[in-house]
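Let me give you the structure first, and then I'll get to my questions.
By written order: A, B, C and D. Residues from 1 in each chain.
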Amino acid sequence: MPYDKLKEQVLKANLALVDAGLVVLTWGNASGADREAGVIAIKPSGVSYDKMKADDIVVLSIKTGEVVDGAGRPSSDTPTHLHLYREFPSVNGVVHTHSLNATTFAQAKRTIPCFGTTHADNFHGEIPITRDLRSDEVEADYELNTGRVIVERFRQGGIDPANVPGVLVASHAPFAWGPTPQKAVENAIVLEFAAQMALAGMAIASDLKPIPKHLLDKHFLRKHGPAAYYGQPKA
Amino acid sequence: MPYDKLKEQVLKANLALVDAGLVVLTWGNASGADREAGVIAIKPSGVSYDKMKADDIVVLSIKTGEVVDGAGRPSSDTPTHLHLYREFPSVNGVVHTHSLNATTFAQAKRTIPCFGTTHADNFHGEIPITRDLRSDEVEADYELNTGRVIVERFRQGGIDPANVPGVLVASHAPFAWGPTPQKAVENAIVLEFAAQMALAGMAIASDLKPIPKHLLDKHFLRKHGPAAYYGQPKA
Amino acid sequence: MPYDKLKEQVLKANLALVDAGLVVLTWGNASGADREAGVIAIKPSGVSYDKMKADDIVVLSIKTGEVVDGAGRPSSDTPTHLHLYREFPSVNGVVHTHSLNATTFAQAKRTIPCFGTTHADNFHGEIPITRDLRSDEVEADYELNTGRVIVERFRQGGIDPANVPGVLVASHAPFAWGPTPQKAVENAIVLEFAAQMALAGMAIASDLKPIPKHLLDKHFLRKHGPAAYYGQPKA
Amino acid sequence: MPYDKLKEQVLKANLALVDAGLVVLTWGNASGADREAGVIAIKPSGVSYDKMKADDIVVLSIKTGEVVDGAGRPSSDTPTHLHLYREFPSVNGVVHTHSLNATTFAQAKRTIPCFGTTHADNFHGEIPITRDLRSDEVEADYELNTGRVIVERFRQGGIDPANVPGVLVASHAPFAWGPTPQKAVENAIVLEFAAQMALAGMAIASDLKPIPKHLLDKHFLRKHGPAAYYGQPKA
């Protein structure tokens, strides 16, 4: 079948979110893109994780949003995912969770400053928060508009989504992404962990400051970009 | 046997509370109603979860409160459950836990404001807290009076228990409910998770505000009521 | 062998502490008394839990403190346990842990007020804290003196150890006890859980008040004493 | 093979870090020294824990830093480990983690005061924090300079690394060590636990004070040094 590999990859990413403790009930979804085929594969809506199979994963056209494979209804957050794939061409995996600490920041409408090198290893700067959606943006096309305020935040802030692979949606919860669904899951894990440490740190030090630029650059760039020297050399 | 299915369902709901990490020691109980038969089934008192079987579940008449099936003594909280089934006709499942964060709010005698969409997905507004029981209400018929102050809180506040499926009993702990025992367990999980995020959020932002009505309505109503579009279509 | 049953019971209590998440590394020990035989059985010192067997449990005379059975060295906290058994005749099980939240209270030198019914179910009032040990009490007979300041606290406060089955040792950690080793473990679990909720509650409500006496009495006495009605009737 | 035993020991230490919950993703590494052979063995860079085998462990000369055994690239933190082995001759095991609470202290640039006997059992005083690295120290030889600021902190503070077997690197995370890799892991566990209790204690008591010297000495010295009486006697 044409989309078997992508569906398997997206199933694994969804299960990895659960294994990482980022999912409560069915709140959480992961998707992946096949740019050549012009499609994404995404979790079905409201299906429990322990029964999910690769065949339940739904495949849709990036351009039209129409289902091209799969019998179920795609995640209700699909319009958000589609908008991110359309506007962020470097992104081939997107995940959404209601993970405890990142969601707490989203509810408090605060960015997560970069307080240490753990954060800096995966995010080249603070994790931004969107503006509130207006009443009319909530009432019609809510999920699409969620994608739009994310893209708006990155455009207006001049932020490259390849360097800051995640965001908090105000009053809602985080989205994270990456060049693959697996990397998107990893970024969601780091986002949650950075949020947890930021919360705890702000409790003991109200004057907590972000790390200086030279330390931020060092940590992000030793793992990303042409001068990376972390991990095993590529074969 | 006439009540086998109900007892099995109630056993599963009790074990699901444990799996969800909401139970310490034997503090926690779930019940379910069969409205046609006019009975509820409930956990026996002080029996450990790892030994509990469907046959240990006790069945009682909703009207008279008399045991109609089962050899053990029902949960000491049975009069609270019975009162909720009598006064809230839309409710067919009730659970009680001492889950950490919800109980912390109950001990602090604070409502849990709706700070985000996670809360709004299952609770259409803040989770209320009862008034303190008076000394005489504690001394005689304590468990029945616990049910009475819950119902009083919903009546006086004009709150529909189908829209706000849970409550905090002051100085004590939460109760949650739903159209089935399984849904009651889910609501208890959301109540605990919302409490945990509210606690953490209030620690970093003393001026935390509830979400606006249009966002509250959107999230609750996309999952509940005639216009719901979340999950797979009913067969 | 004469002490096989007691040693088995004490082994189980030690392993139950680990299962309950109250133990870090080897910090934790449980003991049990056989009053007729005039002995206690206690965990050996510094032995890892996954290798511990009933035969490693050490048996000592309550009166003389001499080892009467077992090849290893008893827990270094044995003098504390022995003193509690000598001075608190209703106690037949003692446990000591460094559980996170109770130890945090011990380090902050604060009692744990009774903020709710969860606490009141097992502790008939606040959980007291000892005074600091003096320098000379630390230098010689430190572990025995730890037992002495516990007993001093209960005597001076007029507290019955059967009603308040636990204490915080200042700058150190909690001890809990009960009529059996199993009940002592249960009380250690409740002490830790009450401490965790008290910590969280104090974070959101600096004016948190203990529950009134009628509610405290109701919860403790429905589980303990002649009028108890919780659990299954005794056969 | 000459280094098989050391590599097996270092593999076990790395896996023990994961079992203790101190590792997120691949952030964490343990090493061990064979002083007679003049080598250390260390985790390979960016290899996932569930696939790691003893043969993946990389062996390097302490003096030259050159790889003498193993096909992969050693952990990117290797220059830090090597520097500690060169400057702290009593150390034969080093571990580095991004454990939640210790890292939170590192990000807040605070030492961890000794608030109780749990801390005092393994650390003879507060756990120090390094100064910030200067911009030029970050840009070139960053990992070696990390080792240098650690050693500088101990030299300038007159602290014996055998008595205080761990440190926080400012804005980064903790390092811990010991006479064996296994002991280094144990010290990393205690460091994290002490940090967690310190964080929680500072939240309820802003005036929290370190324990007095006589209690600090008692706890550290009953476990360490010539007069130790904790654990089973050495055979």
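The working rule: a residue touches a chain if its C-beta (ideal position, glycine included) is under 8 Å from a C-beta of that chain, and two chains touch if they have at least 3 such contacts.
Bear in mind that the values here come from a model prediction, so they are computed numbers and not experimental data.
Chains making contact with chain B as well as with chain C: none in this assembly.
For the pair chain A and chain B, the fraction of shared interface numbers is less than half, so the two copies use mostly different residues to meet. For the pair chain A and chain C, the distance between mean C-alpha positions equals 47 Å. With centres taken as mean Cα positions, chain D sits 33 Å from chain C.
Residue positions of chain B touching 2 or more other chains: 203. If you check each pair of chains against the touch rule, the ones that pass are A-B, A-D, B-C, C-D.
Against chain C, in their complex, chain B makes its touches with residues 24-25, 27, 44-47, 72-73, 76, 98, 100-101, 103-110, 132-133, 135, 138-139, 142, 171-173, 199, 202-203. On the chain B side of its complex with chain A, the touching residues are 115-118, 121, 186, 189-190, 193, 196-197, 200-201, 203-205, 208, 211-212, 214-215, 218, 222, 229-233.
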